[in-house]
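The structure is given below, and queries will be raised subsequently.
First chain written, first letter: the chains are A, B, C, D, E and F, and each begins at residue 1.
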Amino acid sequence: MSVVVTDTPRPDPAALQRLGAFGVATIHEAQGRCGLMQSYMRPIYPRARLVGSAITVSVPPADNWMIHVAVEQCREGDVLVVAPTSPSDAGYFGELLATSLRSKGVVGLIIEAGVRDVGPLTEMRFPVWSRYVWAQGTVKETLGDVNVPLVIAGQLVHPGDAIVADDDGVVVVPRQAVASIADKSAARETKEAETRKRLAAGELGVDIYGMREKLAKAGLAYKKWPG
Amino acid sequence: MSVVVTDTPRPDPAALQRLGAFGVATIHEAQGRCGLMQSYMRPIYPRARLVGSAITVSVPPADNWMIHVAVEQCREGDVLVVAPTSPSDAGYFGELLATSLRSKGVVGLIIEAGVRDVGPLTEMRFPVWSRYVWAQGTVKETLGDVNVPLVIAGQLVHPGDAIVADDDGVVVVPRQAVASIADKSAARETKEAETRKRLAAGELGVDIYGMREKLAKAGLAYKKWPG
Amino acid sequence: MSVVVTDTPRPDPAALQRLGAFGVATIHEAQGRCGLMQSYMRPIYPRARLVGSAITVSVPPADNWMIHVAVEQCREGDVLVVAPTSPSDAGYFGELLATSLRSKGVVGLIIEAGVRDVGPLTEMRFPVWSRYVWAQGTVKETLGDVNVPLVIAGQLVHPGDAIVADDDGVVVVPRQAVASIADKSAARETKEAETRKRLAAGELGVDIYGMREKLAKAGLAYKKWPG
Amino acid sequence: MSVVVTDTPRPDPAALQRLGAFGVATIHEAQGRCGLMQSYMRPIYPRARLVGSAITVSVPPADNWMIHVAVEQCREGDVLVVAPTSPSDAGYFGELLATSLRSKGVVGLIIEAGVRDVGPLTEMRFPVWSRYVWAQGTVKETLGDVNVPLVIAGQLVHPGDAIVADDDGVVVVPRQAVASIADKSAARETKEAETRKRLAAGELGVDIYGMREKLAKAGLAYKKWPG
Amino acid sequence: MSVVVTDTPRPDPAALQRLGAFGVATIHEAQGRCGLMQSYMRPIYPRARLVGSAITVSVPPADNWMIHVAVEQCREGDVLVVAPTSPSDAGYFGELLATSLRSKGVVGLIIEAGVRDVGPLTEMRFPVWSRYVWAQGTVKETLGDVNVPLVIAGQLVHPGDAIVADDDGVVVVPRQAVASIADKSAARETKEAETRKRLAAGELGVDIYGMREKLAKAGLAYKKWPG
Amino acid sequence: MSVVVTDTPRPDPAALQRLGAFGVATIHEAQGRCGLMQSYMRPIYPRARLVGSAITVSVPPADNWMIHVAVEQCREGDVLVVAPTSPSDAGYFGELLATSLRSKGVVGLIIEAGVRDVGPLTEMRFPVWSRYVWAQGTVKETLGDVNVPLVIAGQLVHPGDAIVADDDGVVVVPRQAVASIADKSAARETKEAETRKRLAAGELGVDIYGMREKLAKAGLAYKKWPG
């Protein structure tokens, strides 16, 4: 019933690297506003950033046995993506597991549960996005699955999907779409750079985006303060 | 039905500047414990501070069209105060809008919804107090209102009211009261400076504030540990 | 009905100091996963740390009168542990009380309610773990109790129990157990140091902990990616 | 500082009665989607309904003294609208106060805090919309205000405004607008009755509302299941 | 970009009917503890029950346009499954849409957002499981998708999957698995009926399930009350 | 490490029965506002009521093994009081366990976690107060303790303490205090009956309780509506 899928695919490394240059907000827009995990997924320290290829782990509530199993499946550039089958704020993950993952080249952790040893993890600069921070320990009693598709914080993730995370949250990009979403993100950013310059110079968005006519048609009225 | 009110008044600049020297806790006390927004309004980076004159924006859920409209009404020293008509954790506001507002001299944003581009906003030191942080985008489909009185995080704000925000939250001071609340805040702080000195020297609050008799009358008993 | 218990015991200072060298996660494990307060108790600034002997304060909702009373019972190395009898997010505690406590040698505050003056407290490096941050003031109208046993954030605390707090949360250690839990924490840490070295060198946890046979017996299967 | 405003106005009784015939959803739509309190305001028993004229009460956290004061200001057809100045889940209100209010002809209670004696209140069919249900008692120590404008659950209420509440929530209608909103609600309901009949007969909303062209223009495509 | 998929498959009607005879807890167990939506999905009236074939609707926040579009794709025995792309507590659905769906034979609604007209819906006995109840209206401005796979309350749903809901929550069964899960549920229930009889007769679960040896081996000790 | 304490004491049956005649709000007041569990403990059906003697069960997250063990320790008039060592919304308890408990004469369940089979439990009229309702199953892998003191929903409970629960929540009364709190509750109720009669007759609380002078002294002013 419980399975570890081995030799899972990864996205093209060059495309993944290109994707990682963009912010989560940009990527999620470039992707048609899809793939964004719920807003409760927060980084354990400010300005954390991460791009990697997903190794997925489905875990029982308050049981981290399968995370230990998953380490063996990881390699350089992977990110561990962990979802409990029933909500839990227990601290599934700490400094020892981070040390183990780092020795494999894993770039970070996304977990819809709790994490602990936040002090040491911050010192190591091992980035984690979690739902909770809590010292509460877990057991190693019940199996789960590694590298099966799973739903985490409202999004479906397959092994080998790209994960990008920053202060704004966590976004998933399907493996086959990494190159094209990187292109679209770049296009969006180029366009925004131009807009940013004009806005910084004092031009108004309503003019740059040509909104005035549409606003008037929708019935917007301007009225002087009566005072 | 939708309206933008122009040429709204601002508080006296000198009084506003004086008010801005005090912390939110002090001002809210000086004002008789009124005007404090709910505790879920949090700064996007630690030690952010802001004082400004409110430009109010009432927006539909997950639709930031009216923020673009509001920029034109802003000038040096204003703060944008944005409340959705129905709760939303979408990211209404990011780096481009901040760039545009900064070009007008706007000092920051108070929003009872989501904000994104928190990394770039932190680098710009553009302070935001929001209910959520999330990359999720918004549409530009439905009108709202600019510079109407609105309720945000449990407080009524009129255009031109003073807003002060720091790590402890966000407080609203009615435009006409800015000078008098600044005076009362100053008086409170002067008194507290004296108390602080005595407390630091080891005097007890129960003595400084003369509480011992009132405590005894209320029935407080002292009892030695039985161990 | 209301009482202040004086001359409460403290744990052995040397044992307390030894205990304070360990993280909250380690101590809570060494103690058989007991004594950990709920995950909503959060430090007001990152990397705050504290070890101390509990002075307990039971307070009415939004009334901080008894905190003023409690100061007098504190001495070098104590930590104030405050729980409201009914939930409250009001700001019971700020810079003045911190100044007063520091003059007595108190090392910090644990409060299942709100705190304010977070900016000044951070500058003072006066560590606080609280459920809320909010400027909202409190009254001084109703009595409570000092140094009675109380339940805070799901844990029972007696005066003189040891409190350790860091980024991962807050843990309580009964006064009589301080030395033995410090020993067990040390043992645990020694063992972890060895494991950490092996994990950093690339050995796998499933091998170090000898999990492979147990996993197989539990029915774990390995399967190659079908792609 | 604390005040009880007496002889406050009420809306026209006939208009109020007409308004009370409509559901909260209908009234809030007729009013341009304004005036709806937050979704956490819930009735204490299913199918509760209420229409009345607001007597407003601003109360300190966990202190119900002013509710006792407010009773004297009530008369036939009024509804008590109570908001704490700082959030509280204490049980401010129970069977005795309901008995007192009923003797004055008061039709129910709206409270952004806790209520208790829910069993007896249900037996009395005294309807209450509250944020919490909890037995926790309150004190009578600190003053507040009666019949001042207040913000409750995100809405501004003046004394004499109309309040309508049902399973869907609580809506406020400004006193001067009661007749006109009752008219608009009636118009809306008449139109809906016609639509309901057509929908029940199997006609589609996309046809009745003429949406097909707008949908096509917006880019909606129909595609057969590939299976 | 937006699409309505037509002629989606349904599960075998006989199998679906058999599945509907079991409770959500039983089905979720029979399915290996998969497919259960988050605990915040609650019925609008007690003892509601539903079994049906999913028509999925992905909607923008606070915009119910696509629900109107989806009605046309429904037929006898379907259940509407609606998820917003960004969280919303607006009331997407009320009595008129229920009337329209009922005319098509739709058995109920599952929505990870708000619902209104809860009174009339209860009278109609039109069952709804939602995250919120709120009168707040929605707009009809932005497209979404009908009959695409979607994630709702933590579960992936494809059009034609079976949905069963009762007081305990909502469970999804993949279309192809309906018959086999119905069989497994039946087997589970048969076994439980036998156990229930023995438990009612006073036999202990620790004996019926043969737990005593395992408990002893795990280290459970029995100790008499010292009093 | 794990223990089941047998032959725990119960309160005097006559006193327990007397106590059970009063509501939770009354008992909590009679007890000096102590012993009330947090407001999130809610009954699974309206108007549920319970009085009993506590059998306590400390359980791991999402593991209900110890509940099976606890059944054997129960007898006529007991109530099961279950708290997880780490928060969980899993459904620890359902119809089969209720059947088993009922055969022993157990009167109900208090659980700071999830419960399932709410439909069948309601039909059986087996009352449960829980934090969550959810079908999610639990495992039987890890030991806990039966009849040790535990903290549940913010209150300390010892085996043999009296538990009273109704629509307003759950209150704990220490075993030795049952008779005296029943007396105080009776006294309180007698007094309230008199007050209720006077309030129903239209007398005002401010007069009955003699508040007018105290209100005036505190500074309350009456002011006519300026309109």
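Just so we're on the same page, a contact is a pair of C-beta atoms (placed from the backbone, for glycine too) under 8 Å apart; a residue touches a chain by one contact, two chains touch by 3 or more.
Since the structure is predicted, the reported quantities are computational estimates derived from the model, not experimental observations.
Of the chain pairs B-D, D-F or A-E, the one whose interface repeats that of E-F, sharing more than half of its contact pairs by residue number, is D-F.
Centre-to-centre, using mean CA coordinates, chain A is 31 Å away from chain C.
Per-chain CA centroids place chain A at a distance of 41 Å from chain D. Distance between chain C and chain F, defined via averaged C-alpha coordinates, is recorded as 28 Å.
Touching of two or more other chains is recorded for residues 1, 33, 39, 87, 89, 136 of chain A. Taken as a graph of touching chains, this assembly has some other topology, since it is neither a line, a ring, a star nor fully connected. Contacts between chains, counted with the stated touch criterion, involve the pairs A-B, A-C, A-E, A-F, B-C, B-D, B-E, C-D, C-F, D-E, D-F, E-F.
Across the complex, chain B meets chain C through its residues 23-25, 28-29, 33, 36, 39, 42, 46-47, 49, 166-169, 171, 192, 195-196, 199-202, 204-206, 209, 211, 215, 218-225, 227. Partner chain F is touched in their complex by these residues of chain A: 60-62, 86-90, 136, 139, 141-142. Residues 1-9, 45, 65, 68-69, 71-72, 89, 91, 94-97, 99-100, 102-104, 114, 116-120, 122, 132-137, 140, 142-143, 147, 159 of chain E are the ones that touch chain D when the two sit in their complex. By the touch criterion given at the top, residues 1, 32-34, 38-39, 85, 87, 149, 151, 154-156 of chain C touch chain F in their complex.
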